[in-house]
Amino acid sequence: MSGNRFGTLFQYQTWGESHGPALGVVVDGVPPRIPLCEEDIQVFLDKRKPGQSKFTTQRHEEDKVRILSGVFEGQTTGTPISLMIENTDQKSKDYGDIKDKYRPGHADFTYDAKYGIRDYRGGGRSSARETAGRVAAGAIARKVLREAFGDRLFIRAAVVQLGGRYINKDSWDWACVDQNPFFCPDSGVVEEWEEYLATIRKEGSSVGAIVECHASGIPAGLGAPVYDKLDADLAKAMMSINAVKSVGIGDGAYVAELRGEQNADPIRIGEDGLPVFLSNHAGGILGGISTGQDIVVRVAFKPTSSLLIPVPTIDKFGQETDIVTKGRHDPCVGLRGAPVVEAMMACVLLDHWLRHKAQCL
Amino acid sequence: MSGNRFGTLFQYQTWGESHGPALGVVVDGVPPRIPLCEEDIQVFLDKRKPGQSKFTTQRHEEDKVRILSGVFEGQTTGTPISLMIENTDQKSKDYGDIKDKYRPGHADFTYDAKYGIRDYRGGGRSSARETAGRVAAGAIARKVLREAFGDRLFIRAAVVQLGGRYINKDSWDWACVDQNPFFCPDSGVVEEWEEYLATIRKEGSSVGAIVECHASGIPAGLGAPVYDKLDADLAKAMMSINAVKSVGIGDGAYVAELRGEQNADPIRIGEDGLPVFLSNHAGGILGGISTGQDIVVRVAFKPTSSLLIPVPTIDKFGQETDIVTKGRHDPCVGLRGAPVVEAMMACVLLDHWLRHKAQCL
Amino acid sequence: MSGNRFGTLFQYQTWGESHGPALGVVVDGVPPRIPLCEEDIQVFLDKRKPGQSKFTTQRHEEDKVRILSGVFEGQTTGTPISLMIENTDQKSKDYGDIKDKYRPGHADFTYDAKYGIRDYRGGGRSSARETAGRVAAGAIARKVLREAFGDRLFIRAAVVQLGGRYINKDSWDWACVDQNPFFCPDSGVVEEWEEYLATIRKEGSSVGAIVECHASGIPAGLGAPVYDKLDADLAKAMMSINAVKSVGIGDGAYVAELRGEQNADPIRIGEDGLPVFLSNHAGGILGGISTGQDIVVRVAFKPTSSLLIPVPTIDKFGQETDIVTKGRHDPCVGLRGAPVVEAMMACVLLDHWLRHKAQCL
Amino acid sequence: MSGNRFGTLFQYQTWGESHGPALGVVVDGVPPRIPLCEEDIQVFLDKRKPGQSKFTTQRHEEDKVRILSGVFEGQTTGTPISLMIENTDQKSKDYGDIKDKYRPGHADFTYDAKYGIRDYRGGGRSSARETAGRVAAGAIARKVLREAFGDRLFIRAAVVQLGGRYINKDSWDWACVDQNPFFCPDSGVVEEWEEYLATIRKEGSSVGAIVECHASGIPAGLGAPVYDKLDADLAKAMMSINAVKSVGIGDGAYVAELRGEQNADPIRIGEDGLPVFLSNHAGGILGGISTGQDIVVRVAFKPTSSLLIPVPTIDKFGQETDIVTKGRHDPCVGLRGAPVVEAMMACVLLDHWLRHKAQCL
């Protein structure tokens, strides 16, 4: 109820501050007898890890995950899986400026307004470092989903917009996503994006991004009517990621401009005798329940407010001042958002799969 | 857990099908000794009620609400408030076509896929009729919020885009919203919208819309870190409304194009010695917690798929066919969405206010 | 969260006051395609109904249940099932005495302390009338359990102690339970109990009772470790029934006197090759998970405090006074508790069955 | 939902197996700015710690707690508090016998039945070692309760029955409880209990116990109607403790024998003008809501089934056999239950205090 927990049946609780001794996640509700080892989780953490290119923060977090419970002889036991990542890169440093000043666009002001106390070191609990726990939980969710749905399962995210630059949708290539530091699916724009972001970085500025995530191999029937619609839960899960300001399903906000006959996805019978949709404006969800098509979500990340350019602000004593955020930072936080979006997709889908099993199977 | 319930501390459960004997909502967690009568709720239901102009469905629902519990001598008692609306306009009619055919863009196919059974009459549980319960709950939420925050409280929604037509933001006038059937805040475009929608309607087609909702008078500190961020809960609440495909907070997806220094809202000290933000790209929420500024949400509704234009589909026997949806329908479901968006805003804010009181006050 | 809801996956919300227009229950999470009609529920309500003998309150509630949603063509649809019972016996009467005075042993004082307002008519929300909703939900739970476990399923409760009178356990006969107004399983003591309770009633007094409930045909594996143990959830469910003050599983408090070798139920292999327990001190639950044996719960009901004998109390103005509770009352509320205990058993078992299906099957 | 979490607003999640690398608890919903350090928690863990007398298991757990998050500069921040205890006494040993055989009275059989896999080392997740997390969470709950209710707050438990031996209630002395290894409040019986339990231990047997817990200084108004009654939540919390088979509130099961006029606690006005109850059969709770009197709960622990006396059982291959549980064990697990019962009392009270604040204050 304090907001540090995700999910209903598949659920996890994260804990930890950016510069505390460690951070972690306790994953619960996992079906028993699923093969699981630390390496299954580490591969996804490594994708999210900062410091891999000059376009992400140079903080060198090792992000080495340990499984502390819930796995016995290489298999899940059905009891809570506790994962911990120690913070190895907490330099004892002078936090002077952010200690008392509120960084505009950050949670500094609101945490103080809510709690009357704030762990200002590296953003404390509001740091994007918390997303390591999401990615770890997502890795476990994938393992379970793959047991359930087999090799048809495919969950991938790509960055489709970087500030004012777009991909060409016709050039989309999933293989490309892992081959550049932007999670960009269009090899034709990578060089341009590289120059663009280098400039942004040199100027001490930042830009936003849009991440698009696809999930294939999900059967029809996942989701629940009315308040826990599959798309509603996806919207919440994605909007809960740091810096996200918008979530769209399928065509998203573009549907407002469409006419009904353009937007309705016609249904036919495929060669295998099963229903086939001729288009996917709906993003694989109707009435909050999956159709069996690809589930498509678009997520917009704002540009980080940690800038070398001074921004007017106040301090906690009520004095006006300016702030410049020194140190290691991302010119585009959305880039590291891609693995997190994938993880949240996997977590939402697993949660709804378990819910569906409970009531309908 | 079956998805028919909203909220954590302020919570409600809706029930009922479009053409069943009645529908209702049980509202729980309401603080005691709040003055409440049926008329407090009815005024909001009347705003949502269809059949008020030629631009909404001609179904004549009386939508008369009854309070069955939880109110004693004109005040809430702190126990569950049960509200019921009888369905007076359930004509016994031939449902033949939608009985067996799946309407593209509707939940027909997915409900059958999930449950193996479907109350096809008027859309059953997936009908927009369910939103009457939301509006009723929202009316109660407003009463409580007003007790808490006084006359500063202001929660209003307007339609800012109708298909391909937009308002001029500079002409925004809240007073205008109640004076046209479009919940449009720009009197300069109302005539044009009227003609536009009349044409759509004559053609048996439909269009989408975008609704923008503002909440003023909300103090800083509402919301919770990480998974139950105020914006995450707003995203879920809005996405759970029928036909919604996108939710944005503040500038929404436009932030992707901004640079950090454009997006960060600078903070100054106002004449009263309190913090003032010089802009509101963030939509009143930072780190998932309210800043004290206006909370701004934009919600995109798809065009209804109930059309006089035939759409290819299949029936439940696996045969290909076409469907034309006869009867009473909305050329733009987004219009009736405005009161529902307002209601969900009120419900989310109250829920987080109670949560904040529990932990921090 | 306001305490008017039961369960996690199979869940229901009750609403209504003793003397309001109606009371009801919304049952959610029910699997689809379970045959269900009003009569399925009515039979259990009739067992709980007061006024059936001189030993229960003479209030003549018709307790006629209506299904308002969630059932289509005789089958559950998987959406919320709303049940309503109208209060037909709300005589407009003078509540003068209980309006201002706090009845000792009742919730009058504590409701005022908590809410600062109280619907005093017939006990309002704290009336045992609320248990009608439990019995209705329990009837639905039984239907689902029977689909799952077949005819092996058996859930029955009996009154094993009435004030200072006990049954002879060796004479236990389930068939007897329906043949006397005491739900007594020992025909040898019925006459004695009848005289005993007649005396209590004539004296304007009341006595407590102990109800024992058995559930057979439940497979091993239901329940969850640690906080939601099957016995923990049974304890909560039973203790939530009006007037209950104690809950024991299996041998209950008697285990304190046993030695380990007496208490441990030895395990052997039965003729069918399956595990057989040679005794059942544990009441069918080990480590919070069902063993496949009979689940046995004992529940103690206090004597009602509604008495013709004056009891010292205060009024809400802080004045000392006495109170005599006139009107229709039960000399032993525990009698009507038996069907309620059965219902709660069914509800807890179904909830845990769905949870087990979600995670482990 | 998987049962490893306690509470609604004040809540915690435990994790860890008896012989894993560590175990822990994540405590969430704690109000901010409460002073908290490791020592505040350690003192309660030390009371629970085994190996302190010959009457508890000789396992030498150091049980040293570390705070990993949620505390900043000596105060809670309102974010999750992660506590970890490393398992220092996990001797690599031969688990041969319990690896394949099901110990009667233990969760071995049921875990295998539910999950199809079982961490048999030291009981795995079902070990009483999990209660360290409860005690740690309870220590935090006390800190918050003391901030709320001041020095009036008093939460203590004592062992009032040890196997067939009882205390004399008239000799009750809280000071005595800490001065003997039995948490016994009657100094007159300590010597006798010591001899009694020494004999039990020598015989390789065990006995049950009854723990009684009192909470004073709790205001009227805590609790919630119907399903989350204060006593219902206490019943669940206590029944969830390992080896507990019965929970009673106030007079508990004895109320069954009382008559209404004996059981009703009369109310008068005290010298300070406030309500005074002349007795406390109700155990401080009416209608599920606290009266302001002492809250009294009695909890029965079964004798442990880990015995040097052979008990018939089967192994996981379906063969009949006997089992003797060698190694370090408690002749009376109920003794170490006293600090755990206190902790659960504190946790339930805090949870309901926060809930009360949310809705009613």
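As written, the chains take the letters A, B, C and D, and residue 1 is the first residue of each chain.
The rule is short, and it goes like this: a residue touches a chain if its C-beta (ideal position, glycine included) is under 8 Å from a C-beta of that chain, and two chains touch if they have at least 3 such contacts.
Source: prediction; values computed, not measured.
Visitor: When subunit B touches subunit C, do the two copies use mostly the same residue numbers, with over half shared, or different ones?
Guide: Both copies touch with mostly the same residues.
Visitor: Quick check: more C-beta contact pairs in B-D or A-B?
Guide: When A-B is set beside B-D, the one with more contacts is A-B.
Visitor: If you average the CA atoms of subunit B and of subunit D, how many Å lie between those two points?
Guide: Their C-alpha centroids are separated by 46 Å.
Visitor: Let me have the rounded angstrom distance from the C-alpha centre of subunit B over to the C-alpha centre of subunit C, please.
Guide: Inter-chain centre distance comes to 39 Å.
Visitor: Could you tell me the distance, in whole angstrom, between the mean C-alpha positions of subunit A and subunit B?
Guide: Each chain's C-alpha centroid was found; their separation is 26 Å.
Visitor: Residues of subunit D touching 2+ other chains?
Guide: Where subunit D meets two or more other chains at a single residue, that happens at 1-2, 4-5, 8-9, 14, 29, 32, 78-79, 114-116, 125, 225, 355, 359-360.
Visitor: Show which residues of subunit B lie in contact with subunit A when the two form their complex.
Guide: For subunit B paired with subunit A, touching residues are 1-6, 8-9, 14, 102, 104-107, 109-111, 113-116, 125-126, 130, 161, 163-164, 200, 205-210, 220-229, 231-240, 242, 245-269, 273, 275, 278, 281-283, 285-292, 298, 300-307, 309, 311-314, 318-320, 334, 355-356, 359-360.
Visitor: Please output the residues of subunit D touching subunit B within their complex, sorted ascending.
Guide: Per the stated touch rule, the residues are 9, 29-32, 78-79, 225, 354-355, 357-361.
Visitor: Within their complex, state which residues of subunit D touch subunit A.
Guide: Spelled out, the residues of subunit D in touch with subunit A are 1-2, 4-5, 8-9, 11, 13-17, 20-24, 26, 28-29, 32-33, 66, 68-70, 72, 75-82, 84, 114-119, 124-125.
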